[in-house]
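Take a look at the structures below.
What follows is a pair of complexes built around chain A, which joins chain B in one and chain C in the other.
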Partner chain A sequence: MSEDEILARDTAVHGAATSGEFTLEVLRCNPADPEDRPRWQSFTLELTEGMTLFIALTELRETQDPSLQFDFVCRAGICGSCAMLINGRPGLACRTLIADLPSPTRLAPLPGFALIGDLSVDTGRWMRGMSERLETWVHGLDTERDPARLEAPMEPEVAEAIYELERCIECGCCIAACGTAQMREDFVGAVGLNKLARFHLDPRDARDDGAYFDLVGDDDGVFGCMSLLGCDDVCPKDLPLGTQIAFLRRRMARQAL
Partner chain B sequence: MSRLDTVGDTLVLAPGDRRWPAWLDLLQGLSGLLLVLFMWAHLFAVSSILLGKPAMYRVTRFFEGSLFFDTPQPWLVSLVALFIFVIFVLHTLLALRKLPSGYRQWRAWLVHMGGMRHEETSLWLVQVITGLVLMFFATAHLLELFLHPSNIGPHASAARIASGGWVLGLVLLLSVEVHAGIGLYRLIVKWGWFGLVDTAARRRRLRRFVYALVAFFLLLGVTTQMAYLRIGKESAVRDGLRYVPPGSAQIVPPLSDEAPLRISQTGEEVKR
Partner chain C sequence: MDTVYTDVLVVGGGLAGLRAAIGARRRGLEVLTLSLVPAKRSHSAAAQGGMQASLGNTAKGRGDSEAIHFADTVRGSDWGADQLVARLFAETAPKAIRELAAWGVPWNRVRAGDHETVINGERVTINEDPLAHGLITARNFGGTAHWRASYVSDGTGHSMLYTMSDQAVAESIPVHERMEAMALICDGERCCGVIARNLINGTLVAYLARATCIATGGFGRIYRVSTNAIINEGMGAAIALETGRAVLGNMEAIQFHPTGIFPAGILVTEGCRGDGGLLLDADGHRFMPDYEPEKMELASRDVVSRRMEEHIRAGHGVRSRFGEHLWLDIRLLGAEHIRGRLREVQEICRYFLGIDPAESLIPVRPAQHYSMGGIRTDFRGEAVGLRGLFSCGEAACWDLHGFNRLGGNSVAETVVAGMLVGEYLADFCHSDDGALPGTTTLARDALRREEAQLRSYCTGEEQESPLRLQQEMQTLMTERVGIFRHGDTLKTAVEELQALLQRAQRLRLAGSRRGANPELVAAYRLPRMLKLALCVAEGALARTESRGAHYREDYPQRNDRDWLKRTLALWSPGADRPSLSYEDIDVMTMELVPGWRGYGARDYIDHPDTPRRTEDLKRISETGVQGDARQEQILPFRDQLPPSFRSPNERLFSGEESL
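Up next, the complex of A and B:
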């Protein structure tokens, strides 16, 4: 079912919110307080034109509960900080219009990441661990870098293809949308596999398929993926994750044969 | 890098070889594809009854080696059943790797699926359930055929279906066709065949095509079962008489001390 269809169904069940009051139910928890237990807290706020979930949460924090924790930086779908579960599906708060949501709407932190508090999770630590494990940087033939030297030219098509995959903002939506990652915490997920597909394209990266195989040629890597493609369907940047995972799978299988 | 071992001149996969996960994934897909193709061919063969008893009889005889032998060789059916069983066990063991294990994983999976409300994620649970059903029921079916390979034919099969076999038949039909359809879909998007994984719209179209295919095979299967049930009610089948094709009276030996067999032109009735 597409996102639009799900929204349409939710709206049909609960009624669309275009004006008046809107209810948000937030899963609250402060792991720093050992006494605190996870609980749902309801907030009601007045809808305004073009209100995003991010604007609504900011208003709640300013007018109703200053202790409410959630992350944001850019407010424009670029930084990937404000990812959360919106009625059970991962999405960016800044890119979600309240008018598209049913009332009440439930917000929960992204699963699979360390909880900082309420809707705030530490995706950074997870992403760094993944990057170090998969060595997501250009492995040049020469380790010595001369800043004065001109870089080798690259075909515009190659540069564009790399840029297409480079658009990943590491928001963590694909990990929260992945059944495999939710069951098996060592799975590198679409974000990791997409990164390796990106370096595979890069002519500056000297690694061959054997080197990539050592990184993702197992059940924690590409062969752990069950192709449920929740990642592809929720990615806020519309990255071709299914295509890239299938590509890596074919390359890695050929490497094993 | 991969560790390669040799036995004599042959390259083998040794335990600890890093290529194992890739091989297991390949074998899971390959065995699944083989089983899908076999099951579709199997259903077409079984549904030959819809073209009449002589057609189904010819198909039965074909699988009993009529091309090479003058007399039926049911052990050939046992051989095929054994081969399919080996592939089936292999596929089951490989697929079981992917199942959630323990309470924590099951809970994580179910909570995730409930929240996501995502068709392809939910289809995986259908795949797990139908797979588990097949693990038990298909085993029973294959064992039955392996042990009694000669109990196949327009009358013999109808008698089995009519005497309660339709329950197993219906469970198998439903689970195998749904499992095969979803499995084929997953295989195509998993390996990115024909670029069908490239957009959500293409995947949706592929799903619809697969659903139509599943519906077709379910319809064919149910119609076939009904045909066998109808034949199972005929008096000849109830009397335990095997089907005799038209003009082949000589292969039914007359019982001693009784009147010789007389077979009608249609081959439908056997009278003394």
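Up next, the complex of A and C:
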């Protein structure tokens, strides 16, 4: 194989070759330091092939500023830790290629959650609170069936449909992109409503529409949604959030009558 | 001093830790969980392809049984596994999967009738029995006699973890997020809890508990190329090691997964090959049948990874600017199958490679994936050498996997071990040993030690970046303590790791940012990671044989005569290296005596007890004794299970089990 062929195959595999300098502007703030005020800090780095924001931020921390705070866990787009505002739009940093971004690019922490520092926010506490309020687990007597017994059968299509909605990774992008969530602190958001839609679909869950109405039949629940559908636009897992909210709203409206 | 009391303290919010917590909670104990990250972000979520349990619902799974799952696991382990543990595990795995089904996991289900699938590169039709319609289905994975890996598309771990985590919320189990265990509080004999650091504001907290359970997962991040999450730095195992009492088992047993995406090392599931995907070389040639005619792409991971590297060394790799790799071809599975059953793989390929695997080949090369070793425990999950300390899941060397884990056995182990260890540690709390000894002074001393240690990073002698030293360690491990190992390179690896440890202990940080301070975090984790790396490298150097994932080019044979034993690493306080000792694995109590695995190398040196034990087993068979009575004579295990998990598993096609 000639060098050109290798290069051609390489390019096909690893995306367009890129090089040169790239500027990242990071909104920095350390709430643990009462003197500290939010400020933009500019970093310049050498672009390498296949460089993601994960690789870039890790390199910045290693070579330029060891105090830079951000969260990555899986770095493969499946755990939801690294959601942040990338040029104002919520997204997962780990799977964002620098080559797809303009220079300079601005990074800011996700709004709607408590700031831990720089690009790190506390989505965990928010999500746990949502789970407790909406009781996001299967309710029913059969949850305690003897596990030595044959499992209860389920239609294959039903199981697949549940998984479609269960692919949510609780990254917080839908909350950051939501008009209602910015105004109404207790709004459960698309993440919460999608979760309830998932349990609504699940024949193992014994709750009826009345029980769901008690959980989301108000302005902090499904009636708070203004149908701006920012959630649907930014969901990294492409969940059908608009459809699910509309479905739930119809069921709950019927329940209210 | 900020002090929190609880009955049971679980360190780690992944599948193993949460299931243990739920078990203990249901036994009436107060339980608290610490987690580095929100629990649902634990690395359990990254398990893609499946969980092994011998349900036997499918056409290709019929005839499966606990005994066959047990045997596959032991062969996979290259006879390093504890066979009692493997039996307890295989017996409980179907219960684990059914419990999760009742709690909400949307396992993919059997659809009655004809299905097209790909086996050995050919499209074939399989017919599923109408009786099994709607029961949990399974796909093929490596090193198994039946199709046994139950799955939720390729987001199996994600669904399991979300269900488990929501169940923990349902049972009101608090999870203290972003809390890092820094040291075990320990009086030399007994563990009484941990000193933890709040990763948001930097404060130290003492957690005092009657029983402490470490479920912090593996330590893949001591390697440069790893499928592991960033948080898998092995801190749970490391702080156990630092007590100088608990020991780490088989640290040299490191698994490399055949299909890490090249060069990033992001995992694509074994389900790709289980569903019919093939490995190709630079010429587009399918090479695995040349090396492994029996199992081909679906031999165990250690064997496939080694064959891939061997093939690259023979000049058949695909050259690229990042180095050489091979191809994974799943195009033959079809776009619909990929979209339905391998969609995470499709997403990963789209975002990280810019390709659609339904149309293009995936560049792959083996990457560090799993730590078979960890905190050595007995079958109850209680740490050897330190009472009151338990461990389960990847953090532990329980020892289910020996020297190689089968695909689909890790998520299965997390839940099963959580179920069993949760009960055993509750038994411990309810026993005479279970009371919490007077420990306030002990806790205060431990906390002061940690404070002093953290302060030392402001006054150290060497202004060096802990992150740079960490990279040096990772590169060294990947290059010298990888798939192919040799005495000479291992020796230099050990020396360099020791030198790095010296430097790591004299660090001075560049800044002193208040609060979380990521530089400080890197600084205090570094010596702990180096200690783990030294246990791996020294264990690998000392073990002059090849077994499972541990392959020595200078000692290519498995040697049961001298090495049918588990490595135990102890780190005495103040020492600059681990001291190794060995625990014999007793052939005379085995149900399955050492032999050929059914794939991989055929030559090995026998243990002198192997013929004797073979005779024993033959004699028992000749008496005609069957079923439970036979099991009692060979390897009794049922009485060791917690009472709630002793019932035999119901199976749709019962009576068809074969071995």
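To be clear about the criterion, the second predicted complex is superposed on the first by the 235 of 257 C-alpha atoms of A that agree within 3 Å, B and C clash if a C-alpha of one lies under 4 Å from a C-alpha of the other, contacts with A are read in each partner's own complex, and residues count from 1 in each chain.
Keep in mind that, in the parts below, a contact is a pair of C-beta atoms (placed from the backbone, for glycine too) under 8 Å apart; a residue touches a chain by one contact, two chains touch by 3 or more.
Nothing here was measured: the structure is a model prediction, and the numbers come from that model.
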Identify whether chain B and chain C fit side by side or clash on chain A in the overlaid structures. fit
First (chain B), second (chain C), both or neither: which does A:D232 touch? first
According to the stated criteria, A:M154 is in contact with first (chain B), second (chain C), both, or neither; which is it? second
Pick one for A:E62: touches chain B only (first), chain C only (second), both, or neither. second
Between chain C and chain B, which one touches more residues of chain A when both complexes sit on the common chain A? C
For A:R204, using the defined touch cut-off, is the partner it touches chain B, chain C, both, or neither? Pick first, second, both or neither. second
Is A:P111 touching anything from chain B or chain C once the two structures are fitted on A? First, second, both or neither. first
For A:R249, select first, second, both or neither according to whether it touches chain B, chain C, the two together, or no partner. first
Minimum Cα separation between chain B and chain C after superposition, in Å, equals 17
Shared contact residues on chain A for chain B and chain C? 1, 6
So in the complex, which bits of chain A are touching chain C? 1, 6-7, 9-10, 12-15, 30-33, 49-50, 52, 61-62, 66-69, 71-81, 95, 97, 116-117, 120, 122-125, 127-128, 131-132, 135-138, 142-156, 158-160, 162-163, 166-167, 169-170, 202, 204-205
Residue positions on chain C within touch of chain A in the complex are 37-41, 43, 45-46, 55, 94-99, 101-104, 106-111, 133-137, 152-153, 155, 158-159, 162-163, 166-167, 169-170, 175, 177-178, 200-202, 229-231, 263-264, 266-267, 282, 318-322, 340, 344, 347-348, 351-355, 360, 363, 465, 467-468, 471, 509-511, 513-519, 522, 645, 647-652
Which chain B residues qualify as touching chain A in the complex? 1-2, 18-19, 21-26, 97-98, 100, 105, 108-109, 111-121, 124, 186, 189-192, 195, 197-198, 200, 203-204
Write out the stretch or stretches of chain A touching chain B in their complex. 1-2, 6, 85, 87-89, 111, 177, 179, 182-184, 210, 213-214, 217-219, 221, 223-230, 232-233, 240, 242-243, 246-247, 249-250, 252-253, 255-257
